[in-house]
Structures are given as C-alpha cells and as structure tokens.
C-alpha cells in the first residue's frame, strides 16, 4: 500500500457512485484512480453531475475494460445487482467493496428467488463479509470482498441486533414500517420518480415483496439462532435523502433492560447514537452524514416496544458505510473522511 | 330552511376553517353568513389568506359575540379543543358541526385524561353524533351536534371498521403507522413547523401518546363489542396535504374474505374506493378531494394483513367530511359541493 | 350541438391532457367521447394516472385512428409540437382547441426557425385564433382552430398587454424573469426532471433561447405596432404547479396611470385580478384554479416599473384556459366548470 | 494565539449561528469556547438543534454577560441587526467577525434610513472591513472588525465586480432577480415561514425595498467610481438552502471580453468557479459547500448580458464566508475547514 489508497468506482454515474466520489474527494488518504460507467464512458463527471461542476480535475469516465487494475487498491461496486457480481468477479487484484445486493445473501438459492436469476458468481459468496461495520469489525481487516448492507437493513439491524443479542426482544412478529427519500430509487429513468409524481405526496411500495427482506431476515436469524420472518412496508417520502425505520417488537425483557442493551452496545460507537429518553429520531439529525440515531419507546400495547432509527440512506446506508469499511479493511482510522457534521437545515 | 343554508365558520383563520370556506364558495346551496376569528376580528379574509386574494367579497372576520345567530342554519367549529366546546355550548339556534375533538369522545373522563382538563360541556356529549359519514348516515339527519372525526381516525376507521364488522380481523394487536402532511399541525406559530425544520426530512411524533388514539379505540371497541387497545405511530412528512395509514392486523378470515368485506361495504360509496388488487394507495390519488382510497395486502408474516388507506387530511379528514355531514343533516345530496376531482400533479 | 359537448383529448397521457380530463369530469356540459394516446392505447386512465384511481368509468385510451370523429364536437390537442399539427390537420369535423405551440405563431418561417422544422400544416395558420381568452373574445365564437397560448406567454401577456394598449409602457427593453413548477416540463422521461435532481434546488434554463419568446414578441408587437424584442429568463422551481413572471418595464406614463390601465382592463374579468397596492402576487394565490393575480410596483431605478403575474401553469396556463376558450367557442358561460377556488395550503 | 483558535458564537440559536458551529466542529484549528444565546441560555445545543443530537459535548448556551472574553480569540456575531452592534461594541479583546448588517454600510445615515434606527456604534464603522473575501484579502489580516456581506450581495458582487473593474459593463440599469431558500428568513416565528405557507409555491418579497440594496450599491459604486442605483427583486423558493441571482447588465465591451474578465479574475480562486460556456449555474452545484458558480450569457436584447451566480446562502452567503475570513484574518490556509464537497442530491 502506497501513501494513498488508489480506488476505482464502478457505476460513478449513479447516486451511490457519486456520493462515494464526493466522500473520496476530501478523504486524506484516498486517490481516485478510475471512475467507471460503461454507458457514459468518455464523458466528464462535470457533464453528468451538477455538484462536480467545481471539480474539473476529476478523471473522465471510462469502461471497466479500460482500467488497469494492477494500480487499484480497492474497487467499489456501485452497480445494479447481477451486473455488479458479474463485473467484479472478473477483476483481479483490488479488494472489492460492493454496494449492490450481490454478495449480501449467503444462500445462492435465496438470491435466485428474490433477484430473479441465478447468482453470477456463487463461489464467491462464502468468502464475502457482510459489512454492517459495527458488527463486522473483526472480519473486515482481511476481507477480499465486503458486501455493504442495503440501506433499510442498515437502519433496521442497527436498531434490533443489540436487542436480539441481549435477548431483550423476541424474534417473532417483528414489524417494520420504513420511510425513504427518493434518491434510494436511483437515477434510472422511471416515470414514477419524476418530480411531479412524488412531490407533495407519499405512498407505500413493494408491499410484502421488497428485496431487503431476506437480507434482514438472514442477519436477524443469525443472532436469534433460528429462522426469522419479518413484516416490512417501505414508503416513499418527498425528500432527497434520509431513511427512518419504525420497528414494533415484542419485549422479552423490561423496556429499561432493552434500553440498557442499546446503551451498552453503542456507548463507544462513533457513528451510532442512542438518543436521550423520549427524543424521537429524525432524518434531519443525520442528513449528509455517516451518523445514525436510535431510540426505544414503550408501545401502548403492553409487552411491546417501538424501536426507531434514522440514517442518511446515501451515506451510512450506502457510500459512507462503504468508506467506513474501507478504512477498517486497510487499517485506517475508522472515522477518516467521514467526520462531516449533519447538514441542517 | 331558505333556499340557501346560511353557515358560520368559527376559526376561519386556521387551515381547516379556510378549507371549509374554500368548499363553501362553490357549494350551490350554501351562503357564508359569518366568518369568526376572535383574535383577527376586523381583518378581511384576503389580508390573512393568500388564496382568497381573488375573493374580495368574502365577509370580514368578526368576533363570535358579534354574530346574529338567529340567521345562521349551521355553525362549523374549526377551533382548538376546549375553546370549541366552550364557545359552541353558548350558541343557540344553528346546528353544530364541530371539527375539533370536543364532541368525539363519549366519556368525559377519557376526554379529561387525554386533553388535560375537564370537558367544558359534558352534558352535550350523549347527544352528539360521531360523524364518520359512511357509518353515521342514519343519525345525521336529525343531529343537533355532529362531531367530525379526527383526520387519522377517519382513515383508520374507514380501513378497519368493515373488517371488524365482518369479523374478518381480530381487535387485538392492531398496529398503525401513519404519515401526515404538515397542514395537519395547524397554522399556529411553532418553530417545529417552520419550512426549514421539516422540509427534506421526516420524523415520528407523539409516539404512544397521540390524542387520536382514544377516539380510534372508542369506535373500534364499539364494533368489536369489547375494549380495544391499539398501537399508533404518526410521522410528519414534508408535504402540505395528505394522510396515509398503514395498518397491520391479525386475520380471522381469509384474505379473500376480508377483501370481499371491504368490497361489499364500499361498492356504492361515492367517496370511498377499494383499489384493484395489488395497487398501493397513495395520497396523490386523493389530493384536494373528499375521496379516500383503500387496499388490503397479505403480510409476509402468516395470518396477518396490511390494510392501507389514504385521504386528504384537510378534506375527507376534516372540512370535506364536515360538508358531507352538513349535506346529509340538511337533506341535500351527499356529494353536493364535493365533486372536485383530485389534483395531480 | 346536443345537450352535452362531446370532446376528445389527444395526448391524455401527458400532464396537460390529464388536467383537461380532470376539469372535464366536473364540467356540467361536457362528455368525454374519446381519450387518445397512441403509445398507451389499450390502457385505462387508472393504470397510468394515480388521481383517476377513483374513476373507473373513464374511457380506455385509444389510437387517434380509432376515433369516430363524427361524434366529436371539440378535440383538444395536448401533444408535443409538430405531432399536434400533423395529427390535427387530418381530423375533419370537430373544432380544434390546440394546447401545443403549433398554431400560435402566424409566421411559418418563424415557426421553422424556433421549432427546428417546417410547419406540418402552414395553410391552417391564418385561420387560427390566438386564444388568450381575455383578448380574444370576439374571435372565439366562430373559430375552427383555437391556439391556446403557452404558459409563460399567458402570464406575461396578461401583465403587459393592457399597459402597452394604454401606451403606459415602452415596447423596448422589456425584461422578464420567470419561475415555473416542474409539471411545465411534461411527463416525458428526462433525468433532469427526476425528483432528486430538482428538489431542494433552483436553476435557470433555456437562457436566451426559450421557445416562448417569439410567441410573446408576436403578441406584444401586435399591440405596439412595431417589432418587439424581449429578454426572457425562465427558472425551474421545486414545486408541481405554478408560474410567476417578474417583468421590468420602462414607463411612458405615471405609475398611477399604469395601474389605472390594469384596473380598468380587468375590473370585470372573472379570472384576472389586480391585487391591492403593495400586495405581492404569489403562486399560492391561484394554485389549482383558473385564476391569475397581477400587480405593479415602482422600480428603484427611476422611470421603470415591475409588473408581476402569477398563474397555475396547468390551468390558466394550459388546460383551464382551453376550457375557457371552449366555453366561449360554443356559447356556454365563460366560467362554467372552472369555478373551483384555489387550493391552499 | 494558542494552537487552536478559541471562538465564541453570538446567536447560536439561529440558522447562521448553527451553521457556523457545524463548520467549527470539523475545523482542525478551531475550538468552540462559548455559545451564546441570551433567550435560550442554560439549554444544550442538542435541545434546540436536531442535527447536534450526536454531539453531546457541545458547550451549553450561555448569556453574553457570562462569557470570559479574555479567553476568546474571535467572536462571530450571528444576531439580528442593531442587537449585534450593540452587543459586540461592548466586547473587548477578541476580533469581531460579524454576520449581521451592522458593519457593512460605511455611512451611518444610510444605515439609519434602511434599518429604521440610529446605528448603535457609528464610530466603529470606518475601521470595519467589508469581508467579501475574494476582494478583501489585503485588509483581512489585521482587521479588528470584519463585516461579512449579506447573502444576496455576496452572489451579486461576485458576479459583477470583476465586470465593473474591467469596465466590461455599465454601472447603469443593473437589474437583479434573485431566488432564495427559506433558511434565509431565519428561525424566527413568522406565519409566513410555516411549511404549508411556502411549500409548493413561490413569490417575490421586499419589492423595491430590500435591505441588501444599499449594501450592493455601496460596493458597486466603489468600483464604478460614481453612485449606482440597482433594481433588485428577491423571490422565496421552497427549498432550505441556496441562492441564485440573475443579473441583466448593459455591456460596454464584447461578451467575449466580459467573459475573459471573469475568467482572469477567478482562475485561481478556490471557491469561485466560472462554468464552461453555456452551462447554467444551479444551486445544486454548491449545496452545503462554500463554493460559488458563475456564468455569463448573451441576452436576446442586443448589447446586454445575463450574469448568473449561485451560492449556498448559509455557507458562502454567511457562515462559510465568515470562516474563510477568519482563516485569512488569523493567518490560516484560506480553505481550512471548508473543503466539503457540495451535497447532491
């Protein structure tokens, strides 16, 4: 490793790719070696991204085949699923930090069922580390492939894993209602994401069939020691960034003990914050930052609790967590390049 | 009753009052007799409302004491709770259509517990009709006091009452996650409702203690034949109008039977629409109109269903339903003055 | 003419087409005979429009070739330019009310220059009436083709024509800065109109080359009696509907006389309102309605005035004005079906 | 000076104060010594600001009288005008960086005329440096009082000063149309700034009487060598942050020469970027950053040009420029703590 990590971003023409570039620009130990976008190869980042207008020095977009991978330390996969694994499995040399869904599920059959096709590189699945950073610190340093969690799973697992680990909640009847900003839908051309279709409006989507469900169930089951089936209903909210999950759970300990479990688990975490009692998590608390805020409340129905977490879907829910994972994988301070405070208003 | 109903609006300086005036302006059988706003008496509606700029002919705001109630057929209460009952209980003559919370709860003790003070006119409670129009048609014609439901209860009860009545769902563990536009918070001066505080953001509020809970429980219990305790978590969404409730319920019949119960109940309703299977309700389907859309989905957790409803909180959730109630109370066609189609985009 | 006008809408899958259908639904003398959208023929309006979910009775979309035009009294063209004239020129029978740019410019050469191709039906241009309703009332009754003005020209001409006619302003150095909601960009799939691209942001576009310029110049020149060249800079604002134009003009009369000219011209107009002195026009004053608000202010630079107008770009700027023109063309009351008051908040 | 500059923020309960704290949190050479907010003294920053929820270590708010000024190197005034000068004039020791209007105007009489009262400390005016950083570098190092420009003047002056200095435009008939996000209105409780009043809407305000006019005229006149009167019409746009100014100017050189003047002036500036020919400035290019983007276009009216600039009103238009000034005043690298790339989407 030289003084600076040389990174490549596959899919620099999408929102997660762009947010990774944004973070890389001010990371003191990162150098952008290549920006890849097959369909837009030859264009400048300024031509396709308004916020890079002041950065004429950014590398021009290239095709994946035109990258000299020998000079790259880490490659970030910011591509749609299937495309990602297919492309990444052919790259030799750099460590892989994938932001797609391709290396998250351990079971290729589950992948095939939810993602509509056979996995492009099933032999790579066993070696991939599920990179929910706060729960993966021991595996990250040596990892060849890091699968960054989906945005919803990041928020839900941060909220629930400590409670499951402490046996403070039951793994049954976990019910999650989730709210996401529109950037979570990506930059692809869909009528449904035009401004007039979603502004001044709200609606649920993917009811009972969102692809983040098996991912959450896999990680919850791992801690519960048995299969878990959850209820999950995401809604689209007219904002650019931000994600908030409201989880209804059955307590198996007192609310105070549950709260204590969260407190103990996150006391020393730089990016996860248990809020003071009674304070409601809000996406504005974390906008534009890698931080996450969590709190737990009594439900009006006895024996249940409401656990709520908020993140910025593009940062902690995507590119920020990827950089956090990179830092740990390469022995850098975990918070490096991720110190920016939330942007409010 | 003359050719035109002469109405008065108490609280014409608030959002619900203004939306009532907006609807009254084009109602063919309504005449605005008085607009009351004690704190702003003497001002014109144009001075305090931008959208009435083109209506210089609207009556000037007056104090309640200055109204000649003998010439008023119906008075709409668009005031905060407590103030509403106190003022309305002193008015003799016109029928009362109240949009505050004051006449919704049948039990004065419950009112005192949730609204922080003794009820100003408890003797009026037994006679008040709970005006969820679709379930109150028989009582409305003769009603002296009509209590219009809260916005959240309107959406939740439209979604769940037919299912409870058909014994298709259990009255236990009903879990509601709700989303509301900011107009629901009223026009009062709170830092929390300034544009930069809520735009590009989302957060829950009133967790476990929202005042619409006892109201929903009262009406659900009435149909269940026994007490009901629900879970309810509302969230504030950066939009002006619109409300969407996502209800997780335990099925006691098949999903198909549950769906059939909704279909049968709403087949002939002018303002409540069961959507085709698989279509997700959205606030944009009803924006600016008195309509409501509903649908039911299988939950991933076996034995449960997800019932979702959307309304415009200021119309079907407030002023529109009040006009609908007025129409029935005075023998007019139910849809009169409420025909406007939803505004999209 | 039968009791109800039978109308057809070409381009019912676009925003202006949909807003025309919305207005037609409650127009007491209109019947929707056919909804045309070649690319989406065979689909229901519910399938492509959320707000028509409660209207299962709307006609299914058909191809233009499949319409029996003999049963149609008026056809509304809500198609892109060129396509509109090409299709409409082949339709025999119904009167044509076109919302595209195709029949607005009197000079086919100017059309070719600005719209990038020869006019598809130049022989129809002389007979077309430029349908800025308030200035076209005498020509509308017998018109075979009515060209509805563009949204920006509607606002600018309503603001300036009375001043030019009264010789209160000079036709030189007219400078217009304009703001529009995103629905003005149409429903076509462009990355630039995705929610995350335009929310929480503002930018100018089409600087010095917007196609509404020659149209405004044509109509201003007509009143000035000589060629007029204007400056026009439109900006995209993160809102669905609404348009506001801020016009800097050189006074040739006193400000009071200029104001008097506007007052006299619009005193009896049902949809155009001169605001009280000092009140700033705002799009929220007219949202969802066919109304327009105007005011005039002294500029800090002596001898100049600032004239500001606001409309809803989809109503008075498009479909509402089209209905207003239809009413006059067919001898109906001008305001019929357009009475809805503005929606605020 | 110790290793870290110890700063105090007067008015830490307002948006500009909070954004200054946000920037200070990650500035490597700044330590927050005191946060002052007389009305909220005793409260924590977490209690009043959502985005500081993850920063429990921030100092508690105190009254100005309770600060030990001897330990403070620089005090930032983030208070309303008049209050600011009154308070700051009593503080002895630290250098003053004021973000209010109080030290911007050189002429106390002009101040009195526009700000409705005598200046609280007129004797301090001559010594104050007008801190438009790019044009004040020589005066900043020794400055005792730095008056940070208003947000609109920052954008307008960055756009026009190089053109005036190069004699490429005339100082006559400068016409500015400006657009601002709602955070520019501050956090004070005004009905006009409630979410439902401004969302999905746009309107002009302060027409012909905005207080930033004399400030712009003062600085323009300084370069023009004679008095300048400008036209300025600001509009409120439904977004949190961002400001865009569209300036119509009369050219006294060719457009190419004017462009060359901007290019030469800003070639080496870290925060001001002349965009490539034809690219329209947009607020999304600079959101959340200290950067500014500028471009110049031919107007359709011969002999005129349109100069457009965009900034984030809270950063380059306020707190960011204040930090930039602090850096220069204290001999630190100009960009320190201000490197964050723009946040998009």
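Per-chain numbering from 1; labels A, B, C and D assigned in written order.
Going forward, a residue touches a chain if its C-beta (ideal position, glycine included) is under 8 Å from a C-beta of that chain, and two chains touch if they have at least 3 such contacts.
Treat the numbers as computed from the prediction; the structure is a model and nothing was measured.
J.: By label order, what chains touch subunit A and subunit C together?
T.: Neighbours common to subunit A and subunit C are B, D.
J.: Would you say C-D or B-C is joined by more C-beta pairs in contact?
T.: C-D
J.: What is the distance, in whole Å, between the centres of subunit B and subunit D, each centre taken as the mean of its C-alpha atoms?
T.: For subunit B versus subunit D, the centre distance works out to 45 Å.
J.: What whole-number Å value describes the gap between the mean CA coordinates of subunit B and subunit C?
T.: The answer is 36 Å.
J.: Any idea how many Å lie between the Cα centroids of subunit C and subunit D?
T.: 39
J.: List, in ascending order, every residue of subunit A touching at least 2 other chains.
T.: Residue numbers touching two or more other chains: 15, 50, 181-183, 196-197, 199-200, 238-241, 282, 284, 287, 344-345.
J.: Using the touch rule from the top, collect the residues of subunit D that touch subunit C in their complex.
T.: 173, 175, 177, 179, 181, 196-197, 199-205, 207-208, 213, 229-233, 235, 237-242, 244, 246, 248, 280-284, 287, 297-302, 304, 306, 308, 310, 345
J.: Under the touch definition given earlier, write down the residues of subunit B that touch subunit D in their complex.
T.: Going by the criterion above, the answer is residues 15, 50, 181-183, 187, 189-191, 193-200, 238-240.
J.: Name, in rising order, each residue of subunit A that touches subunit D in their complex.
T.: 15, 18, 22, 25-26, 46, 49-55, 182-183, 199-200, 240-241, 273, 275-276, 279, 282, 284-289, 291, 293, 314, 339-345
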